[in-house]
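Reading through the structure tokens given below for one structure.
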Amino acid sequence: MDALTTILNGVPATLGLTLAALALGAALGVPLVVLRRSGNRLVAGFARLFIELLRGIPPIVWLFIIYFGVGTTVKLSSWTAATVGLGLISAAYMAEIYRGGLNAMHAGQWDAAHALGLSRTAIITRVIGPQLVRVSIPASASFAIGLLKDSSVAYTIGIPEITSAAREVSQNSVDAMVPFLLAAGVYVAITIPCAWAARRLDTVLRSRVAR
Amino acid sequence: MSTPRPVAIRVTDLKKSYGALTVLDDVSLEVREGEVTAIIGPSGAGKSTLLRSINLLEEPDSGEIEVLGSVVRAADRIGPKSLNELRRKVGMVFQSFNLFPHLTVLRNVTLAQELVLGRDKKQADDRARELLKRVGLEDKADQYPSRCSGGQQQRIAIARALALDPRAMLFDEPTSALDPELANEVLLVMRKLADEGMTMVVVTHEMRFAREVSETVVVMADGRIIEQGKPSQVFTEPTHERTRKFLSVVLDR
Amino acid sequence: MFWDDWTTYAPDLLQGLGVSAQLIGIALAIGLPLGLVLAMFANSRTAIVRSSIVVLVEIGRGVPALVMLQILYFGLPSSGITLDALIAGGLALGLTTAAYSSEIIRGGLQAVPFGEIEAAQAMAMSRAHILRYIVVPQGLRICLPPLLGFCIAMFQATSLAYTISVPELLGSAYSIGSSTFRYLSILVLAGLFYAAITVPASLLVNSMESRLGKHQR
């Protein structure tokens, strides 16, 4: 049970890193999607390249590039590297989620809002924005759960989260298997209720929106 | 009048409910060999449920189903062998055609022949082409269903069902998804089939077909059969108020 | 400066990439067939079979691939089974693949219109025949784009095998970096190698998706 306590001590770091990266990603995703949808082909092209590279290169590689690569010249803490790395990757995925939501939104929304004489800011904050948030929630929830699992790679650059705790316990005990099984159990215990809650949220949101 | 023909299909005291909603309320029906029985009535009357109970695509809560010698009691557990034995005797045509889009028209008609009846490729192909010719679509054999119009797809579906040499055919609103022109092609094929003496049970909204082709018209409402008899009688002098109301709406269109 | 490093060490990285390819090959060879079996039995009429599959799949999806790798490589020796790193890596990723792909394939199988299954039933076709001739051929076609998308993500996951000492692409890059201290240039090159495979592959899958969408008329 001592093993379990040690492993559970890693949970705050896992949750903290996931939430920090998610917040960073949700925020940065907005300007990113704006650039991506820009009429200027060069700007849109660069944004697209940025997004594709962030999503196409494995998270652990990005963390290494930032922590060991950039980290040789600029002094970076594990937390900074991990948050920035996972945050940027999240921004790329969130930008694509937002893009999907915007594309799926009826063009009629813009037209109706313009016809009603609403200013651009008002349209974005009062009409498009709220709808985009609601439409993005299911995909974002699903992404967040995946991010929680992916955060495990941060142990490789020194973040004391669940997997690093398990490795530590495993190396110092006779039975190397149990700590990892406990860690697996902890991940499952966190993600399964979250996945269930996300599905419920999706159903509730769907029923509240007229089709 | 000659001696009445033997009973081909008999359902007795069928009951089916979904929770509080009763879909079939003690329904009994007899269909004689070689006759066409049309089932008409307002939506939600239980017509399709009744039809689909005959070949057990719907499993009633209680009652008995007898199809050309195969007897099934709804309350008993029905094994796959007896189920398939029953289904082999009767073919079905659906409102949405339900052709297999990933197979050619010919393969649609030969697949079950090979798998269910054990015919070899040549036998199955020959029979398929013969039936496609009968419905006027032999030139579509090597095409895919998506290239065919709705009326053509339904005629292919009829050929597909006939390929298994059923002794009775069930039609579940076969023309409801078709516009009038295409519906006519299908109704013509159905008339021909009836003239050739096939036992048919047809759930339909096509009142002209019901009046001109069927020997018996069954009117259903609220899960019950409220009227049954020869078309001449049901359409001109219905005994039930509900039937009168339904017919006045439907026949005036 | 980057360029010199790149030209010098590219061959070593390519060797690592070869090992990554082996990893994904093993993972898919184990995981996809297993996923198909799980998907087909997920709708079994026997409740025990259904529940067991749900549990297995939820666990397989809930446990991070990284932890799966640790369990098989560091954990198993306690039970007397010591696996070669490459095998452990391929097996761990294979099990994860099985869990995720079974859900994707199941989605595809369920997308086959129920009316077609009823028509086949009405023609007295057996359950096995219906699965084999009607459901699986169409279901696999439907789930192919998301399945391929998943395979691309799995290829990225092979980088995790670095943590169990498999000499794949990331591992090669890191070891070169640690001996030369030219971390940034080598790691960036490794990243570009990953991107050079995943990005075009994703674009291909996207265009396949839109082409398949037109077919379903």
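Each chain gets a letter, A, B and C, in the order it is written, and its residues are counted from 1.
Definition applied: a residue touches a chain if its C-beta (ideal position, glycine included) is under 8 Å from a C-beta of that chain, and two chains touch if they have at least 3 such contacts.
Computed from a predicted structure; not experimentally measured.
> Graph shape for the chains shown, where an edge means the two chains touch. Line, ring, star, complete, or other?
Basically the chains just string along in a line.
> Among the chains, which has its CA centre at the largest distance from subunit A's?
Most remote chain from subunit A, centroid-wise, comes out as B.
> Give the identifier of the chain nearest to the protein's overall CA centre, each chain being represented by its own CA mean.
That would be chain C.
> Roughly how far is subunit A from subunit C, centre to centre by C-alpha average, rounded to an integer in Å?
Using C-alpha averages as centres, the distance is 21 Å.
> Can you check how far apart subunit A and subunit B are, centre to centre, with Cα atoms defining each centre and the answer in Å?
54
> When the centre of a chain is set as the mean of its C-alpha atoms, what distance in Å lies between subunit B and subunit C?
46
> Give the residues of subunit B touching no fewer than two other chains, as numbers and ranges.
Not one residue of subunit B touches more than one other chain, so the list is empty.
> In the complex, go through subunit A and note every residue touching subunit C.
Residue positions touching the partner: 52-53, 55-62, 64-65, 68-73, 149-150, 152-153, 156, 163, 166-167, 170, 174-178, 180-181, 183-184, 187-188, 191-192, 195.
> Write out the stretch or stretches of subunit B touching subunit C in their complex.
Those residues of subunit B that touch subunit C are 55, 57, 80, 83-85, 87-88, 91-92, 94, 96, 98-102, 111-112, 115-116, 146, 157, 160-161, 164, 170.
> For subunit C, which residues count as touching subunit B in their complex?
For subunit C paired with subunit B, touching residues are 113, 115-116, 118-127, 129, 133-134, 137-138, 141, 217.
> Across the complex, what residues on subunit C touch subunit A?
58-59, 62-68, 70-71, 74-79, 156-157, 159-160, 162-163, 170, 173-174, 177, 181, 183-185, 187-188, 190-192, 194-195, 198-199, 202
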